[in-house]
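Each of the two complexes below includes chain A, the first together with chain B, the second together with chain C.
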Partner chain A sequence: MTGLLAKGIRYAVSLLVVVVLTFALPRAMPGDPVMNIIGEDVSVSPATLDAIRAEIGLDRPVTEQFASYLWSLLHLDLGYSYHLSAPVFDLLVARMGWTLLFTGIAIVVGAAIGILAGTVAGWRPETKRSRAVTLAALAVSCTPPYFLALLFLSFFSFRLGLFPFKGLYDEATFGSVVHHLFLPVLVLTLFAAARNTLIMRGSVVQEKGSLYALYARARGLSDRAVLFGHVLKNASLPIVTLIALDFGFIFSGALFVEIVFSLNGMGTLIYDAVLGRDYPLLQGAFLVIAVMVVCANLAADLVYLLVDPRIRRQGQ
Partner chain B sequence: MSPLLDIRSLSVTFRGEQAVRAVEDVSFSLAEGEVAALVGESGCGKSVVAHAVAGLLPPGAAVSGAVLFQGRDLLALAEREMEAVRGAGIGVVFQNPSLALNPLHTVGRQVAEPLRVHRGEKKEQAFAAACRALAALGFADAPGLMRLYPSQCSGGMNQRVVTAASTILDPPLLIADEPTKGLDRDRVADVAGELGRLVAERGTALLLITHDIPVALALADRVAVMYAGEIVETGPAREVLGDPAHPYTRGLVASLPENGFVPIPGASPSPVDPPAGCRFHPRCSFCVDRCRTERPALAAAGRRLVRCRRCP
Partner chain C sequence: MKTIPAFLSCLAVLILAASLVPAACAAGDGETMTRAELSAAILPYMEATYCGENVVHLAPIEIRTAACRFLGLPEPPENTEALRIATPNVVKATNFYDDYYVGIFTHLSNLPMMRMDANGHLVGLTADRYEVSSDNTQWTFYLKDDLFWSDGRRVTPEDVAFSFEYLGEHEPDAGWIKETLVGTTVSDEENAVTFTFNKPYTTINLEFATYNILPKHIWEHISDPNEYTEAGPFVGDGPYYLEEIDLNAAKMTFRKNHHWQGKQPAFGTVEVHWFANDDAAALALEAGDVDTYYRYANSYPYAGVQRLKDTGEFNTLEKTSIGLTFLAPNLKRAPMNDLSFREALADAINYDELVAVDTLGYGTVPNRGFVPPGMDYFADTPALAYDPVAARQILHDAGYLDTDGNGIVECNGTDLDLDLLVRTGFERDGQLIEEYLEDVGIGATVHQVDSTTWFSLKDEYDYDLTVTGTTPWGMLMHAGWGTGYFDSRRTGKGVLHNLDDPVYLALCDNILATSDQAQLERYAGEMQAYFDDNLPAIALYWKKDVIPYNRAYTGWYYEPLFGIYDIETFLNVRAASG
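== the complex of A and B ==
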């Protein structure tokens, strides 16, 4: 129980650090925070500036500001984007669904493909097929996702005309969405699969050399039974961590892929916010992504508790 | 009567950047119900012999010679046929039982596995048999133990779990690969007692691979001493270890704590480039010129075979 408690405290502390950082970041920026918030391209009178400053509470002590920041977070109030004239929370929620949809598919399918390909590559690493798989995975994982996205866009959309160039859909039908999302999902899936393949390959190479695998063979299990009955499950454990880590990584990778394919997801929202210096929006987006990554890690820890009796024992 | 296990001129080479000749021309046999020990220091090739018999060598190993088990040459068997021999015909117990068990599977599942693989038994039936096998090894709460994971068991418990899993199909031959390595004295006595009892009760033949001479003396009828991939002396355990003839065996026995802890000078030769002539000659105090150039053969001396020109 103490193990679980310690874990819970660790996650609570990470969350607190994330919140403190997102609170401190805009206040530590050079220049007047109010000017940052409303943007430099508008000219307002000093009186209006003071009014906004009072409205946001920047004239009050920092502790009070932090307390009210926490208070609004609890009410899902992430601030107001003056650029887009809408509450940040509403903006993020509207866009997040799409990004979660296609990164979610990419993470799940990529993990499945990666586990399979990595097992093939790791079980008999000396064969030509294994080397080809490893080389391909290495090549894809070394290619930045946005570059891969550009290559795919130019080949499949420009040259072959198989897929649309941009957007989420022409009309809001399932078929149109699938048609539009196919390439971006493919790019992210390949990227996730390549990373998972490499990790899984190393893991399988390590696990198949372990004594329990040899002892399973010594009891008369066939190679296939040793692989699927013993090695596969043990070797898949690091993938759980990788999926959780990938959650943040794929999210940032998705940002560029969204820009290449002009998808109106969270990536383009953040991109526009960076270009337009929309600080409240950026602040909210960072917080949401950070919280999601922390949650993904928490989920990974829970999955470990389910599948690994050694960790279960520590937790008790 | 032909022996249960008859190893004939077994040689094993590991191919790599440099070929490593781990085992050279080893011949050794084991009758049904007999207990024999292969002794020698780490790296002498005794474990490689055990792995070659069980067909557990890595793919890069080149094996020559013959391993006749119940009249069949195991080296000539297809992998599928060898799978049927492992577990059912030949059981293997490894050192470090806690690592030999899969940490993610319950103890019960792993003990029952041979029954399911070899006999295609249903889960309930196999688990019931596994439970009986564990109870027979002295576990009071066998049903409770079945549900535990190896990390929840002590090393001694895992040792007996491995023994149960390796003998659940009553194989006529059990190979114990360094079963007492890294254990304290009490545990060594436990494990040796366990193996001795098992062999006596079931009439299982035991091939004991060990560097532990007292354990070999306590359990084995016959012993073969290996040095640098070769057998240097073989014969009845009490004779060979009680009154060693080969200079290496003498050195090995003299290095025991109860005999004064006298180490053999020098170090074991590299298996990549073993010395010419007698492989032990650089460390031997009886060495003469011929030992440096001519490789001695195993020659009969009473009831034993000795690979030394100087000691008939």
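== the complex of A and C ==
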């Protein structure tokens, strides 16, 4: 219980630090947000620039801006985007749904495939099948995401004409969404599965040589029983951490895939906000991601408690 | 069909409906209907549906549709053929007023007052003609009398006056309107609107080629257009109106404005499909999913042109752009403020290689006069030439010596190491220029920065040299001929405001003080001669805009300001076989 309390305090402090950082980091970048609000080749008077600065509150001292930010946060107000002319909360909610759809599916399916393939590859690493799985996972992991996404677009959409080139849908129907998201989800799933396969494989290779696995074999348990009854549970601990982190970063989107498939997701939203120095949007997006990461870590700690009796005993 | 008073509309419907009665009876259940019965049924319907307050125009298709609906006949078929345009200009928000690219794309639906023709001359679009007072403070625009909003109302001088007052009030980019516009007066009799400014303004006709006209009866109810985020439809007065902005489908759809009285376009809809990367756009084009490619102020990627041509499905328009890429010395710092040093810079650059590497042959070596040939009153100044030997000699003669023999000349006793500030999009130019300069003994270090950082650094004059580019609008803004980028009295996002030479400023003022074309031609020549003599900026290459288009369609039109995104394209493009 004390351990849980300590963790809770640690997470609360982390959140506080996160709030300070989400405010400070965008402002630490060089460049003036006001310049991005006006058009590229226009001349505006200093008076107009000052008026814009005052309107968005950037004329006030930083401490005052921070106090205002905190006050807004306490009122669950994430601010108003300079560039997209909408409340940050609305913008994030609109994009989060779609992002959750394509990254969420990829994380879950990628985790399932990765755990299964990694377990099989790690249990008998000398077989051809295991080597093939490892090679494929390595190849996908080493491929730049942008390149792989483009390769899939070129092959499946252009050569075979099976999928559309862009967007989340043509008409907002279930079928159209599935048709449009199949390729992006496939690419993201491959990356998640490849990484999880490699981690899981290494973990299984390590665990299968442990004394408990040897003891289980000596008791006459079948390979299947040893692998899925004992080794898998212990080997999956690193994967739990990774999946938790994945879920934490789920709302940061998948920038490269969003760019290749022209998807209206969180990745491009944050990217554009960085380029445009859209402080409120950056603050809001970073805060949401940070909170998700903290929550996901908390969840991972809880899963560890369930999975690993040693950690439970430490807690007691 | 011209404006139809309500009773005439109804009459037209009646006649049309009467002509349809036999067919209706034949196709229907055999009941007969007298004309009186028909009239009694249709007239109230038409009055209720179309002849409400302020509706002055009925489109033929509306009359036919209403009649068919009344008679239970199949409605006339809509033209479903679509012209599909691919663009990398990504629309970020469903904000008709505030999103930069929505503003450009809606030139099709909400016609600006003026437009540029293929020769770079300004001609009327919403305006039929204009007059300017002798002191250039008062501009009167006479509107075309056959323009109607897509909801059937007439475009009025009040709409035009409202649009600019509203713009000045709400749009930061148009702050100049608020600062200089004294008043507007409208004349319904003459169908004209007069703008009075607090100082001479000679380029209003150009400024007015970029701002969309809004229907007052809609927008006057929207207190803050910057916060107005709706997907559509939006009332427009062009051959098409904007039906929908769909961010998730990455598409804008324009539908035919049935109240458009001019030449009828061949397509029922125009779709603008944006792609977040050029590679996907190129694949979609090659696959035939889209018919052409448009990117404001830019060409289709040169590397992909031949591949498209090889499909046999595409032709290209190749036009010299009035936008260009250039090297700008910081004239407020030594040694860049030394003309001899700038001459050495100009000689050090291998223009042929830049043209070959950057434009893959779709460009030309520029002149010393900076201004590309596509601009009005282009003066053919001497071409820039790569001559490293001459560059080294100039440096030597001007006292920039390499005393320690390390290959880099010195300035004030230390090796020259210039900060070469390179903006996103010009990475390759920056690297090549760094090499060229070091080859003649000028040390330089590339600082690659994103656009926002670039804005700050150039505004603080925190660079020695910078590589950037102009847009077509940028070449035309201020006093024109690229002057807007350098005049030290200006501030703005893309402008360098680094030139305060009184001769240059006086030239800008002279241009800004006249609308007389003969005088303008003389001043334009003087301005290009000034660039030739003083090299405040060095053009790196002039380039072509290459626009691929589906061979199945013909009638494509290009103008220097907005390329093919011009009303003439949308009115003239039709099936090649037709």
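Miscellaneous remarks
Definition applied: the second predicted complex is superposed on the first by the 265 of 316 C-alpha atoms of A that agree within 3 Å, B and C clash if a C-alpha of one lies under 4 Å from a C-alpha of the other, contacts with A are read in each partner's own complex, and residues count from 1 in each chain.
As a working rule, a residue touches a chain if its C-beta (ideal position, glycine included) is under 8 Å from a C-beta of that chain, and two chains touch if they have at least 3 such contacts.
Everything quoted here is computed from the prediction, not taken from an experiment.
Within the superposed three-chain model, A:Asn264 lies in touch with chain C and out of touch with chain B [touch as defined at top]. Of the two partner chains, neither chain B nor chain C is touched by A:Val288. By the touch criterion stated above, A:Val307 is placed in contact with chain B alone, chain C being left untouched. In the overlay built on the shared chain, the residue A:Leu198 is in contact with neither chain B nor chain C. Of the two partners chain B and chain C, it is C that touches the larger number of chain A residues. Residues common to the contacts of chain A with chain B and with chain C across the two structures: none.
On chain B, the positions that touch chain A within their shared complex are 54, 56, 59, 79-80, 83-88, 91-92, 94, 96, 99-105, 113-114, 117-118, 149, 151-152, 162, 165-166. In the complex of the two chains, the chain C residues touching chain A come out as 90, 92-93, 95, 98, 100, 172-173, 175-176, 179, 226-227, 229, 247-251, 273-277, 279-280, 283-284, 286-287, 289, 449-453, 455-457, 459, 470-471, 473-474, 477-478, 484, 490-495.
Within the complex formed with chain C, the residues of chain A that make contact are 29-33, 35-49, 52, 83-86, 98, 150, 153-154, 157-158, 161, 164-172, 258-264, 268, 272, 275-277.
The touching residues of chain A, counted against chain B in their complex, run 126, 210-212, 214-223, 225, 230, 233-234, 307-310, 313.
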